[in-house]
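Dumping the structure here so I can ask a few things about it.
Letters A, B, C and D mark the chains as written, and numbering starts fresh at 1 in each.
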Amino acid sequence: MRRVLKFRRWLYVNLHPTGWTKRGLSPLNKIIVGVITAAVVVAILESEPSLHAGNEHLFLAAELVFASIFLVEYLARLWASAEDPVYGGGLRGYLRYALSLPALVDLLAVSTLFLTFFGNETSILRLVRLARILLLAKLGRYSTALRAIGHAVRSRRYELVMSAVIAGMLLLVSSTLLYIVEGELQPEDFGSIPRAMWWSIATLTTVGYGDAIPVTAVGRMIAGVTAITGIGLIAMPTGILAAAFSDALQHQRAAREKDDDHPTA
Amino acid sequence: MRRVLKFRRWLYVNLHPTGWTKRGLSPLNKIIVGVITAAVVVAILESEPSLHAGNEHLFLAAELVFASIFLVEYLARLWASAEDPVYGGGLRGYLRYALSLPALVDLLAVSTLFLTFFGNETSILRLVRLARILLLAKLGRYSTALRAIGHAVRSRRYELVMSAVIAGMLLLVSSTLLYIVEGELQPEDFGSIPRAMWWSIATLTTVGYGDAIPVTAVGRMIAGVTAITGIGLIAMPTGILAAAFSDALQHQRAAREKDDDHPTA
Amino acid sequence: MRRVLKFRRWLYVNLHPTGWTKRGLSPLNKIIVGVITAAVVVAILESEPSLHAGNEHLFLAAELVFASIFLVEYLARLWASAEDPVYGGGLRGYLRYALSLPALVDLLAVSTLFLTFFGNETSILRLVRLARILLLAKLGRYSTALRAIGHAVRSRRYELVMSAVIAGMLLLVSSTLLYIVEGELQPEDFGSIPRAMWWSIATLTTVGYGDAIPVTAVGRMIAGVTAITGIGLIAMPTGILAAAFSDALQHQRAAREKDDDHPTA
Amino acid sequence: MRRVLKFRRWLYVNLHPTGWTKRGLSPLNKIIVGVITAAVVVAILESEPSLHAGNEHLFLAAELVFASIFLVEYLARLWASAEDPVYGGGLRGYLRYALSLPALVDLLAVSTLFLTFFGNETSILRLVRLARILLLAKLGRYSTALRAIGHAVRSRRYELVMSAVIAGMLLLVSSTLLYIVEGELQPEDFGSIPRAMWWSIATLTTVGYGDAIPVTAVGRMIAGVTAITGIGLIAMPTGILAAAFSDALQHQRAAREKDDDHPTA
């Protein structure tokens, strides 16, 4: 029994980021990140028909392996959560962990992966495809980059909302104007405000697909003004976020270097 | 009579931004902003033929409701303006308020909304469409973002005019050069300077629709130089505005936090 | 005779920027800037065949008027240059002024404008078109914006050359790679390095016309890497120039404000 | 014998950047940079069929001249490397130099240039084309710009990796979503995740070729969100790199100016 508990302790320390007191990821977590990355790459390649055709059995085998690994990982994390003072073990502790966001994401990813082995193809094709994004979400647990961007967005909440309001107004005004000017001439592209918005967003972000283009002189003048004011207004959240993100990373780096000076035992 | 005056006082405090001494919007103004937003969304959806067809009565009913609300709002604001020391009441005071910019915008928005119920379709279609932008203009009364951008533009007036002059010259030089080089080959796209400007503005803003493209070697060299110098020159007002906008928002935030420390009674 | 000399003195003070000791432009120069702007606008509109057809006489009259004004301006500046201590008058002084860059630009602009009235259409069409850019060059005399950008470019000479070298290398490497990968498949767009450069410059500047696009998997990977590294590398001169331009304008503003405190007599 | 050694000393000082104690490049190296540039320009022009046709002998002669010059340069550098205290001469010293990266690049460039004179056209066409990039790589020895960018990338390693992770996730999420939404409708452009990535990278970098475009309402909404978040996320490495590059150049300039104050003998 003691050896079992010792193993659970080892699992907790090596699996849960809160259990690992040294810097970086534990070796076990590094392996899991590797497996997730491999599963993502396999899922991406599998979606390509020219690669999938003829290799169905290979891909199925790989999926089965990944699904098994993630199932074992899910159960191990669940069991080891008893060592976490936050959950504390017991039926209530296990349930509390099972309902936490990272655990739910893990469960969903495993379920969709296993579901692909049952039922007929068409009905669960959508599920299989969604599994690809869920695999990425599994990585969220480890990502300091995502935490940095979350911090950056929160710290400049006010400026970003302001920029969004202005950008939204610009989007509405420009698409309404082009709907008025070109709506009758090009009903397919500018025949309603939502349709004109597709052109407007492509112009304001300077993507410029070129599938919807004003043809009248007045429409082109409005388009020119939209493009010019657009780069100014859209650049604002960019500048704000870049500065905030840079600040957040500086903080993380400073905290990390402080950690190096006073390492935790 | 006293209860009527008290009600007018309450309306003034809750409707006019100058009357509301606490931070943010009054509850009544929050409701009005919500109604305007709803009216804008309905107007956007209504413009889409595939949504409009079959739901004409629904949209007409919604428009009637919005028009009535905005009419009541207009009259209430007009009546309550007597409490504003700036207008002071009396026939002259009411007239002075009615001729102020926000009141005129409100009146125009209400009028165009009501005009859609009379006359035949084709003659007032343009009016109906314009109403959509006027609804947005009604929001201008509340927008601190618009005030911030107005402040930012004014504070860097000089730099922005300089950038505009340089950008304008670059626009003219590049479109004249392409008109000279490609004018005979592609009369539709480069057959005159105004026509070449459409290409030039799409290139300078890096939108790049791709509908007008130089085909000769010389034309492409000029286009390459235009694209490179363009991103440099157009980036300037962007950088200037972003910095100014950031400053303006910082000021607003500082002022707001100062307000929180010394709340007005 | 004294009245003639007094008039020449007045002309010098009002026409030559060095002669005008107060801030801004002299009233006479403001009028000239207005006439140049009008001539540019007329030249732009004239190039549009749909506007030119039927209004040939109108445009010819306008051109004659502008040409006469600029001829008088040229002669007046030449005569008044004798008052400028730099040129000092006399045959040598007049010649020295006539050979200065602004005077040569003026002369060329007047000549091309007058040449349009003689000869047959086809032989001098090119000259007429060039006159449009020369009219803009006439404005160079007054432009503080152009001086600011010249100062900005000079002050960051070293950084800009570095950026240009890196951008040039990136342009060459990406177009050579795509020429190797897609040259045989799409000889029209990638059949030689200069051809592939057209695609490369459109991608590096994120203009993305979409007329030349890689179709192979390898070609698209290279294109993706080009687009990503491109926005990083092209952003550098932008950032450098924006900062330098902002500095240069700050200096001009500071100098102007100092001028206001200690006005020259 | 002494004169031979003296000549080798002169070659070392004038050819190897470590041997040249004064600022900038030695006159001999300046000539070599010029010859490399000329060879690159000739290689670019040669790739254009319309220029190559009829001038085959001219281009062949130029290539022979360049190949001979680079062969002599390679041998001279090899011989002079004996003067470099790092390599020290002797068979081991020559071998050590011959296996250093710059020497290998030189050897490869010379080899590919000479290989174009032998064998039949089709089998070595690929080699000839690669020679064009190798010629550029020869310039790497001198480039302070490349060293500056290398330094900039290293100093912001952490931030750049973070940005790359976020950009990669955004790329994956957006292409998976569009694959789910538009995969069945447009199998050619969105029929697999790798295919959808081509659209995604063109949108995230705001290049916007316009060859692959979502057509459904949901797909266009996702595309709009992708474009907006994309400009924010892709702008981050741009801002980070621009700042780092600016710092690195400042350091180089400061070091250079310090050099001018205390010139080495």
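Keep this in mind: a residue touches a chain if its C-beta (ideal position, glycine included) is under 8 Å from a C-beta of that chain, and two chains touch if they have at least 3 such contacts.
Just so it is clear, the structure is predicted and the values come from calculations on it, not from any experiment.
> Name whichever of A-C, C-D or B-D reuses the A-D interface, so over half of the contact pairs are the same residue numbers.
From the options A-C, C-D or B-D, the copy of A-D is C-D.
> Taking all residue numbers at the chain B/chain C interface, are over half used by both copies (same) or under half (different)?
different
> Hey, how far is the Cα centre of chain B from the one of chain D, in Å?
47
> What whole-Å value do you get for the distance between chain A and chain B if each is reduced to the mean of its CA atoms?
Computed from C-alpha means, the inter-chain centre distance equals 33 Å.
> Would you please write down the residue numbers of chain B that are in contact with two or more other chains?
Where chain B meets two or more other chains at a single residue, that happens at 194, 202, 206-210, 238-239, 243.
> Of all residues in chain B, which touch chain D in the complex?
These residues of chain B touch chain D: 206-210.
> Within the complex, which stretch of chain B touches chain A?
On the chain B side, the touching residues are 40, 43-45, 47-49, 126, 129-130, 132-133, 136, 139, 143-146, 148-149, 167, 194, 197-198, 201-202, 205-211, 234, 237-239, 241-243, 245-246, 249, 253.
> Which stretch or stretches of chain D touch chain A in the complex?
158-159, 162-163, 165-166, 169, 172-173, 176-177, 179-180, 183, 187, 191-195, 203, 206-210, 213, 217, 220, 224, 227-228, 230-232, 235-236, 238-240, 243
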